[in-house]
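Letters A, B and C mark the chains in the order given here, with residues in each chain numbered from 1 onward.
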Amino acid sequence: MSLLEVRNLTISFGGLRAVDDFNIEIKKGQLYGLIGPNGAGKTTVFNLLTGVYKPNEGIIKLEDKDITGLKTIDINKAGIARTFQNIRLFKELTVLDNVKVGLHNHYHYSTIEGILRLPKYYKVEKEMDERAMELLKVFELDGEAEYLASNLPYGKQRKLEIARALATDPKLLLLDEPAAGMNPNETGELMDTIRFVRDKFDMTILLIEHDMKLVSGICEELTVLNFGRILAQGQTGTVLNDPQVITAYLGE
Amino acid sequence: MSFISYLINGISLGSVYAIIALGYTMVYGIAKMLNFAHGDVIMVGSFAVFTIVSTLGLPPILGILVAVVVCTILGMAIERVAYKPLRNAASPLAVLITAIGVSYLLQNVALLIFGANTKSFTSVVTISPLKLADGQLMISGETIVTIIAGIVIMICLTLFVNKSKAGQAMLAVSEDKGAAQLMGINVNGTIALTFAIGSALAAIAGVLLCSAYPSLTPYTGAMPGIKAFVAAVFGGIGSIPGAMIGGILLGIIEILGKAYISSQMADAIVFAVLIIVLLVKPTGILGKNIQEKV
Amino acid sequence: MKKLRMTKTAKNNFVTYFIVLIAYIVVQMLLKTGHMSSLMEGLLVPLCIYVMLAISLNLTVGILGELSLGHAGFMCVGAFSGAFFSKCMDGAMPNGIRFLVALLIGAAVAGIFGILIGIPVLRLKGDYLAIVTLAFGEIIKNLVNVLYIGKDNNGFHFSMKDSISLHLGEEGQVIVNGAQGITGTPHDAGFTVGILLIFLSLFIILNLINSRDGRAIMSIRDNRIAAESTGINITKYKLMAFSISAAIAGVAGVLYAHNLSTLTALPKNFGYNMSIMILVFVVLGGIGNIRGSIISAVILTLLPELLRGLSDYRMLIYAIVLIAMMLFNWSPKAIEWKDKIKEKYFSKVSFRKEKEVK
C-alpha cells in the first residue's frame, strides 16, 4: 500500500489549468522529489494536498483514506505537515513555543485547567517542554530555545520550520523549497538533516526543489511538472537524463 | 412624493459622504492608512468659511477659496509632520493612533478659538429652491448644488486618476510603493498630493454639509467622518468608484431610515446595513478580493 | 531549562501583580492620611475600569492580533445586564452576593455577545473587521437607548417604543427607561473591589497567554496560514480570545454601572469615542504588552486631570503629548536615534534573547 496516492488531480483558476491530471504514488519511507520550472504548479500541488485549495477533479488518499477536499486542519490531523516557500514562523514566539504549537493537538488540557493553573497544566506543559526540546536537539536548535524565532539566522529558521512540522507527528512531510537561499555548505547540511529525519522519524518526505544537487543527492524518485502537467516520473537517475526534462529546464 | 423628496435628500447627503469618503479611500489606497483626522479637516474647512463669511462679512466665494487653501495646506502639513515619520513603523496601528491624536488636536484648537457654542452657518448657496410637481416637491438650492458638485468632483477625480500622469503615479503607488519608487515615481510627492486633494475635497464637503445642515461646532466633522469611513469600507476601501457608491447609498439609507423607521435608530440602521453587506461581500461592494499567496 | 523558563515568564507576571498591589497600598495610605483630593478619589474606580478595558482589549488587539473598535459595546452590554439584575434583585439577597452575581451575569452576557458578534465578524479581514466592530458598538448603544423594560406583578414587560407601551400594572416599575437608562442601581463597588477585579482579570489573561490556548491564539496572530497548517482551529481560538476579552469588558461595565446613580448609554461612555480611547491606551502601552496597558491607562486617564491647572489648554496638551509619544515610540527614525543613545551610554550589547510576553 502506498502512503500517498493521488489520481487525476486537477484545478483551474479562472480559465487557467494550474494543475492538470496530476498522479503520484509515494511509498512509505520514500524521499520523493517534485521538480519543474518556476510556475509549473508545484506549490499548487502542495496547496491541493494540504487543503488550501479544493481540487476541481481528482482524489487524494493518505494510507488509503480519502482526504480529498478536507480542510487544512483536518488534513494535518490525518497526517500531512508542510513547510512553506517563504518561511512561515510564528515570529513573536520563542523557538521553543513555535515547536510547542506544533504539539498542540497531541497534548491536552482544558482552557479552565490552564487558567486556574491546575496540576494537569504543569504536568502537560512539562511533557510538552521535554518533547519540544527533544525535537529541537535533533536540529541543534536547543541552545536557542529561548530566542525569538525572528532572531534566528535564515538557515536555522528553515530548520525550525521543519521541527515544528515534525512536532505535529505527521506521516507525510511536505517541504517546499527547503534549500532556497542556502549556500552549498548549508545545502549539504540540509541534505543530511532530511535524510536523518526520514531515518529517525520513519518519515515519508515529498519535497519541491530547484537545487539539483540536493534533488539528485537525496531523492529516490521524481516527478517533473511543466505547465501543470506531468512531464516525467520515475527513478531520479532516469528522469534527470530524460531529454524532455533537460529541454524543459534548459540547465538548472 | 415624499419618498422622492427623501430620496433626493438622501442622494444629496450621500454626495457629501461620498466626497468625504473619496478622501478617506484615496489616502487609504495610496498611503495605506486610515486618516481618522479627516472628519476634523472638514470641520476646519467649515470654520474657515464661517470666519470669512459670517465673522468678516466677506463674499462666500472668497470663503470657499480660503477654506480649500487652508485645508489643503493643513492636510499636507499633518501628513508631513505626523504621518510620514510613521510610514515604516512596526505596526500600522501606530499611524492610526497618531491620526486620532491629530483629530483631538484639531477639535481642541477649534474649541479654543471658536468656543463650544453652536455657530449658525450661513449657507453659501444662493440658488433658490426648485419647485416641482405643482409645489408638492421642493428641492432646496443646497441639495441641488451638493448633488451637482458631487457629480462634477467624481468625474474630475476619475479623469484625473485615469488620464493624468500624477494620477497614474497614484495608482502605481497604491499597487506597490517599492516598485513605484524604483520606477522613478516620487512617492513622497505623490502621497503629499493625495493628502492635498483629499483635504481640498474635505473643505468642499464641509462647506456643502454646513450649508445644508447649518449648525457648526468643533465636533461637527466627527460623525460625518466616521460615516464616510463606513461608506468607503462599504464600497470597498481603496476603490474610488466604491467610495462614491458607498457614500451615496449610505446617505440614502440614513435619510430613508430616519423617515420611515426611526430617527433615533437611523444610525443603527446604517451600521446594520453595512454589517449585512460585508457579511455577504466581505471586501465591500466594489472591493478587491485579494487572496493571500500561500 | 524548563524550570528556568517557567519562572522567567512567571517572574515577569509577578512584577505586574506587584505593581498593582503597590499602587493599591499607596492609594490606601493616601486615602487614610487624607492626602488624596476628592477629585483624585473620584477617579479611583474609573481608573480600575479603564485598566480592565485596556487589558481586555489588548487580548484582542495584541494577543489575537485583530483590531476591534467596538470594545465599548461589550462594556455597555455588561453594564446594563448587571445593573438590570441588581435593580431587580435589590433587597432580595445580601448585597455582596447580589453584586457577585451581577458581575457574573455581566461577564456572561458580554461574553455571549462576543461569541455572537465574533462568529460573523472574525471572518473579515483587518480594516473591514475594525469597521464592523465599530458598527456593532454603535448599534448596541443605539438599541439600549430605545429599550424599555418594566416589571410588575405579571412579570417582565418589554418595549422598543416608550414606557407607556409597557402597560405596567399598579405596582409596576420601569427598570430600563429608554434613553434615560437605569436609575438607582445600588452602589456596591469601591476601589478595593476594583483592584480585586483587576487582579482577577490579570490572572485570567496572563494565565491564558502563557498556556496552550494562548500559544494557539498568538500563532494565529503571527501567521494564520502556518497556524492552520499546524492543526490549529482558527475559528475556535479567535472566538475564545474575542469572547474572553468581551467578558472582561462586561465586568468593567458592571463595575461602572454600580458606581453611578443613573446609567445611560451616551456617545461619550459607550460610543466609538470610548472604544478609540481604550485603543489609544493599548497602542501607547505596547501592543501585546499587558503591563504596559495598565500603566498607559492610568497615565492617560490621570493626564487630563493633572493638567487641570491649565484648564482650557489641557485637552490640547493631551493631544500634543499623545502625538509626540507616538512619534517618539514608533517612528523608525526615533527608534534609531534611541538605539544609538543606548549603545553610546549602555555599552552592553543587548542580544534580544526573549521578548517576554508581559
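We adopt the following convention: a contact is a pair of C-beta atoms (placed from the backbone, for glycine too) under 8 Å apart; a residue touches a chain by one contact, two chains touch by 3 or more.
Quick caveat: nothing in here was measured; it's all calculated off a predicted structure.
The most centrally placed chain, judged by C-alpha centroids, is C. Among the other chains, B has the CA centre that is most remote from the centre of subunit A.
The interface holding more C-beta pairs in contact, when A-C is weighed against A-B, is A-C.
Rounded to whole angstrom units, the spacing between the C-alpha centres of subunit B and subunit C is 31.
With centres taken as mean Cα positions, subunit C sits 41 Å from subunit A. Rounded to whole angstrom, the centroid-to-centroid distance between subunit A and subunit B, based on C-alpha atoms, equals 49 Å.
Residue positions of subunit C with contacts to 2 or more other chains are 225. The set of subunit A residues touching two or more other chains comprises 52, 84. Residue positions 294 of subunit B each touch two or more of the other chains.
The touching residues of subunit A, when paired with subunit B in their complex, are 43, 47, 52, 84. Taken in their complex, subunit B has these residues touching subunit C: 28, 34, 36, 82, 85-86, 88-91, 93-94, 96-98, 100-102, 104-105, 108-109, 111-112, 226, 229-230, 233, 237, 262, 264-265, 267-268, 271-272, 274-275, 278-279, 282-284, 292, 294. Remark: subunit C residues 61, 67, 120, 123-125, 127-128, 131-132, 134-136, 138-139, 142-143, 145-146, 179, 225, 272, 276, 279-280, 283-284, 287, 312-313, 315-316, 318-320, 322-323, 326-327, 329-334 touch subunit B in the complex.
The touching residues of subunit C, when paired with subunit A in their complex, are 1-2, 5-6, 203-204, 207-208, 211-216, 218-219, 221-223, 225-234, 240, 288, 351-355.
Those residues of subunit A whose C-beta lies close enough to touch subunit C in the complex are 50, 52, 72-73, 76-77, 81-82, 84, 88-94, 96-97, 100-102, 104-105, 107-109, 111, 114-117, 121, 124-126, 128-130, 133, 142, 145-148, 151, 164-165, 168.
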